[in-house]
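Consider the two complexes below, in which subunit A is the common component and subunit B and subunit C are the respective partners.
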Partner chain A sequence: MVDATGPYELIALSAAAAARAIAAGEIDPTELIGAYRARAMADELNCFTWVAPERGPGSGGDIAAGSSPAPGESPLPGTPLGGVPLAVKDLFCTAGVPSQSGSRILEGYEPPYTATAVARLQGAGATLLGKTNQDEFAMGSSNENSAFGPVLNPWDRARVPGGSSGGSAAAVAAGLAPWAVGTDTGGSIRQPAAMCGIVGLKPTYGAVSRYGMIAFASSLDQAGPLTRNVTDAALMLRHMIGRDERDATSLRFPEQIELPRADRLDGVRLGVPAELSSEGIETGVLERFHSALALAQELGATINTDVMLPHAPHGLAAYYVIAPAEASSNLARFDGVRYGLRAGDGQDLVGMYTRTRHDGFGPEVKRRIMLGTYALSAGYYDAYYGRAQRVRTKIVEDFRAAFEEVDFIVSPTTPGVAFELGEKTTDPWSMYLNDALTVPMSLAGIPAISIPCGLSGSSEGKGPVGRGLPVGLQIAGPAFSENRLLDAAYALEQAIGFDSTAAHV
Partner chain B sequence: MIDRDEVLHVARLARLRLSEQEIEPMAAELSSVLDNIAKIEELNLDGVPPTSHVVEVTGRLRADEPHEPLPREVALAQAPAVSDDGFLVPSPQA
Partner chain C sequence: MDVGRGSGRDDVVEYEPVIGLEIHVQLSTRTKMFCGCELSFGEPPNTRTCPVCLGLPGALPVANAKAIHFGLMIGMALESELAPRSIFHRKNYFYPDLPKGYQISQYDEPLCRGGRLADVRVHRVHLEEDAAKLVHVGESGRIHASDASIVDFNRGGTPLAEIVTEPDVRSAEQAGEWLRLLRVTLGRLGVSDVNMEEGSLRCDANISVRPAGSDEMGTKTELKNMNSFRFIERGIKAEVIRQEKLLARGEKVVQETLHFDPSSGRITTLRSKEEAHDYRYFPEPDLVPIAVSEEMLDTARASMPELPLARAERFEHDPSYMLDTEVAKTLAFRTDLGDFLELRRPESPDEARVRANLIINELAPRVGTDVPLADSMVTPDAVVTISGALMRKEISIGGARQAFDILVEEGGDADAIIEREGLMSAEGGDELAAVVEAAIAANEDAAQKIKAGNPKAIGPIVGYVMRETQGRADGGEVTRLVHEQLGV
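Our next item is the complex of A and B:
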């Protein structure tokens, strides 16, 4: 029996536990929504770009006919999620609700429809709590590239939460939302989840429809859960997956997503490729990683350190050609004609385009558009884009060969713990290095989860509770292995015993 | 090394105006990023096919059935300027 006498007890419930308590009639979803709404309204970390108004007339309309309930509206009783509030990354289109992808160029944009991933969660009974801050167009690893300003890490407010789903990760870690939906192109779910001490899952490419996600790099973008624990991640994923006629690359997932229950890892073969667990990784991160491997062995797993991903060290270079190339094409649509900002009054048509894009895009987005345009331009296409696509093939082959030998590849999620605001903004490549361990899985389109595996002692005393900063363990599996992946992550999560509510504000 | 003229050429291709103070830093930052990317030149990739997409499904088309389009007023509601039921843009020769 849940003691639900006050807001604190409500907030302490995980999303899955809250959904169960609602179904059992033990808590009132309206009170749960109200408690989170009050916390989101009092957000001091700049996690939210918009918070749903209280339910009632004028609470923001659903312009598109049909599919999803209006923001803040309680769902039908008896739905699997029963009204549990959901934070949604700004780049998901939400009908009648501001959706700017963290950019000034979409100032005031309120889409006429809702992204499929969000609509499916709402259809399962999730209530839209608010939209969360992010790096502009999901380009960044620190959430410092946002038109709404940076997000602060609840473990240490002088530090970044990671990115690009930084608002989503910080909101979950701070207890301002029970869970959040984010997107991952090269690590944008896993990296902030690791830096905020929560769980983040990037599903198999194609498992979740991209319809209504404001596109960054279409061959890599994938939506997924940011949650307090592995069970919540499984529950959210269950209600996101599936073929969508509106996204030709979406696939019918071959099975239902089950809630994980494994408590052992007997017979599970974990691969630890040297390419992802040695060079350029902080000592404090490696210590926690090796402790997690020892726990995995105690649970019955075998560790294979001979498995290799020889092309993984080239993943970052390939990614930073492919992603900007696709972005430069996707972001051509922002031209001041159909939505958002228009600048350049009195100019001719091209002058209006170029002025709008000058005023509307931030520095990192401009850099990536320039990089992508350059890589695709006459004379350079083969040297950059063509080569990067061939490296991508080698990385896909590396993983295929590795999964002949092992069930999962494990590594630290990030080379370091959350860094200080402003620490990496002057040199773009130093920021891009944050993605070194997450990008290979993105290029291969395979699922990967980050779970907290402890606190790094290297920054002891700087966190609010004086215990260092969270470290993420990344587990990656073959395409569509989500159920097995979640089981393995769950068993490890129980053994590690990390308290992902420790940074609640 | 990307020089100033190359930055301006690429910016023109991208329909992106760069202010005077953005040009030199952009040249330096792009050069630095491209130096790091040049690492992939070390690899022998002869005969390796390119991967543009990891989903190996092609030609799956939905049924060609008519459905209700977005109402015109809804499509136009977010536009900075509209006229005569269409998007209003400046003249190409203004």
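Our next item is the complex of A and C:
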């Protein structure tokens, strides 16, 4: 609760608390935006690829009724989010604002329209604070694949923030933004949230419109919140969801998203499948995970370790066929003809295509385009893409069966804590392994949240200041179980008592 | 006569062409296949575009329900099996007229399978989006050696139905005739403008030849994008001859994609089999499957008009019409003519025949093809009046023609016009006989020649009658009377 009588730190307010304080007239949204803008401008972690310019007072007058406010402008009063600033991952199209998806090939590209998810948040009163750095086209688990340079982890600047929504996660963890929108294809919200000690939620596939998200893998991409706490995640999600006529795969969410209130987990059945909680996981991560399970039991939950996801170990292999296959097609539009980079002018058509894509894409993007092109080629389709889709179906069935036995599946979010910059860049497979615990939920299209469950005390996770590095707890539920999922996460969050502002710079 | 040429006739192998057709039909929906842009009809370049049909980053397709409805109607007209569930695929290749780097099409789960129209079986019908239009600046007009290429995205994303036939066509003429039937059928469905010059109907042909009577299939070539019935027939003919010559020389036909240049009559290679694309088809993840509900089928069924083939049959065999085959076909294949006839029920097959002939031979040529007959100044009742008057011999065909001349210009009541213009055959019956008698008397020479067995000599006598009656006499009736009076 905000103490309205005394001086308080604007930056210390969570997004939900700030929105309440604005609504109560306790703080001025313009001051809040200004405070965050100053911090974002002074960003030393390379979180932002663009920060909204300052707007003079009254410049909001040209906002047409019913439209969303321009970047950096104060929203109309009385909106639910009251002007709380919002950091947005670079790959969301934002009208007239650079939207580059972390790629050289889209450097300086300003789309003519705004993504539905962002427009809905703006419509609810969020103010666009800036665009955040990411792995190029969301391909990466460390944010080292950005054309605009790596993002540093605020807990330890020698380490990566995770990826691909690394800029969003680091900005929230460092207090450069109250909250941020990210996207998750195989873990790109949950994994950086875990590594930066914040909350990240990947909603049910179809819950949030993908219209205006620069696509990586269409059947997996899903937008979601990166926030300091579970309540903020619920608040942001409330204003993102809903059927969008412009996205054929979007779905009507069956209920309103409520702010979580549960303080107990009585009767809640948690499943801990061996496939997601044993092999290849750092001991420091496992320690924190098991403490979280003990806390859950104290809150009344039961733990079921017999539940199985037998096909989950094949998820990563299937994912690294399906996602690159879709990406190889999604990225074909970057051909230098209509927008973005064009190189090789004066050469013939194929020469121009080749030069543009050679110069415009980074090595990881090229690798995945080649992987995906190969997987879809005549003669290989069944062996790769067809087979991967069959694995995907098996994983969907695994989860369906598991949710007959338990309410939620829990696991560590990542096998390890944030690793050092450059540590895994030469070995793509070890990098891909970061997604092993998050990919199965993406393939199944089900919601999953990562909340911080403490700091790793193990040697490989020890930060330079000796305080350890954040560990994430992942909770996954059936499709459209977001309200229950948020409640469970909230109860655990209160019990764990993690300070998500500890890394504020 | 070159005798030598005929001497080896017995050794010459007779070849039989085997032809399959692929027809792209632009559907006349209000909006494009996957976005809300209205279809373009010659607007300035790139004015009918949006993020979706420009392939901008982040834009997503949404399938046009009306296009699916039209697809189902085409399937019903072609007696296809309608898939309860079909999906879109991405067909991947790079070209500047393809802004996404892939075309959204249907692959192994099309909307319609099988079917038949007249003597040609249908293999499948599927939905897809049209490419944008490339305009090559420079002398050649082709992308190679052009100075620059300009892309107009107005056409990009226009809904297309692709109709693929089985290889049942055996000649260029048959191809042309079948395509004409397909064209009137689609036009009758109202799903397309079916205008070949404007590209709303485009045809590719897969052509091979084989020894007549053989069941084997020869190597086929694909002749691309012919945009008139005449070019299709000429192109197929030229390609069949080219293949026959190759085989007769003992050479092989190479599988390739060809272009027919109608101005030179030459066939050139567009690309060889080696250059063929690997389209890397995979299910379009941005779209959900097309699930055809009972309701959609009911709506499509309710929208189905009587098709031209069925209508021609009816005009020919329905006891109230009993029209000649060609007349029935003409009326059925030009929907507005058939509609105009059917606006008033015929009193008898004779009346139907007279009115059908008036519509085809008198009314239609006067109105032209720019407007449907129903939208002309002439009412169906006017035609009924004139055909009745003709049958009762109250007016001559000449009088009828004069009445049509006026009706097409001014409209109005036919009786009133006949009255006002004095078109009644006042000379009908005995009076006309009197004029004929006078005409024979004034042309003795001609009368003698007719009697001597030269019917062509009748000219001056008919001319006399027409002058006397100001052209209102019926030529046939005059001839009859002349013969009657001369006893021939």
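Following the convention adopted for this analysis, the second predicted complex is superposed on the first by the 480 of 505 C-alpha atoms of A that agree within 3 Å, B and C clash if a C-alpha of one lies under 4 Å from a C-alpha of the other, contacts with A are read in each partner's own complex, and residues count from 1 in each chain.
Note that a contact is a pair of C-beta atoms (placed from the backbone, for glycine too) under 8 Å apart; a residue touches a chain by one contact, two chains touch by 3 or more.
From a predicted model like this one, the values you see are computed outputs, not experimental measurements.
By the touch criterion defined above, A:115 lies against subunit C but remains apart from subunit B after alignment on the C-alpha atoms of chain A. In the superposed pair of complexes, A:176 makes contact with neither subunit B nor subunit C.
Shared-chain residue A:35: touches no atom of subunit B or subunit C.
After overlaying the two complexes on the shared chain, residue contacts for A:333 are found with subunit C alone; subunit B is out of touch.
Subunit A is touched at more residues by one of its partners, and among subunit B and subunit C that partner is B.
Once the two complexes are laid over each other on the shared chain, residue contacts for A:381 go to subunit C alone; subunit B is not touched.
Of the two partner chains placed by the overlay, only subunit B lies in contact with A:366; subunit C stays clear of it.
By the document's definition of touching, neither partner reaches A:207: not subunit B, not subunit C.
Once chain A of one complex is fitted onto chain A of the other, the partner contacts of A:427 are limited to subunit B, with no touch recorded for subunit C. Applying the stated contact rule after C-alpha superposition, one finds that A:247 touches subunit C and leaves subunit B untouched. Shared interface residues of subunit A (contacting subunit B in one complex, subunit C in the other): 109, 111-113, 219, 245, 248-249, 328, 332, 335, 337-339, 349, 353, 373, 377. Across the complex, subunit A is touched by residues 51, 54-63, 90, 92, 94, 96, 99-102, 143, 151, 278, 280-282, 285-288 of subunit C. Across the complex, subunit A is touched by residues 2, 6-7, 10-11, 13-19, 22, 26, 29-30, 32-34, 36-41, 43, 45, 48-55, 57, 60, 62, 68, 70, 74-75, 77-81, 87, 89-94 of subunit B. Those residues of subunit A lying in contact with subunit C across their complex are 91-93, 99, 101, 106, 109, 111-113, 115, 210-215, 217-219, 245-249, 325-326, 328-329, 331-335, 337-339, 349, 353, 373, 376-378, 381, 385. Looking at the complex, you find that subunit A touches subunit B at residues 63-65, 108-113, 205-206, 219, 245, 248-249, 251, 311, 314, 316-318, 320-321, 328, 332, 335-342, 344, 346-355, 357-358, 361, 363, 366-367, 369-371, 373-374, 377, 383-384, 386-394, 396, 427-429, 432, 444-445, 479.
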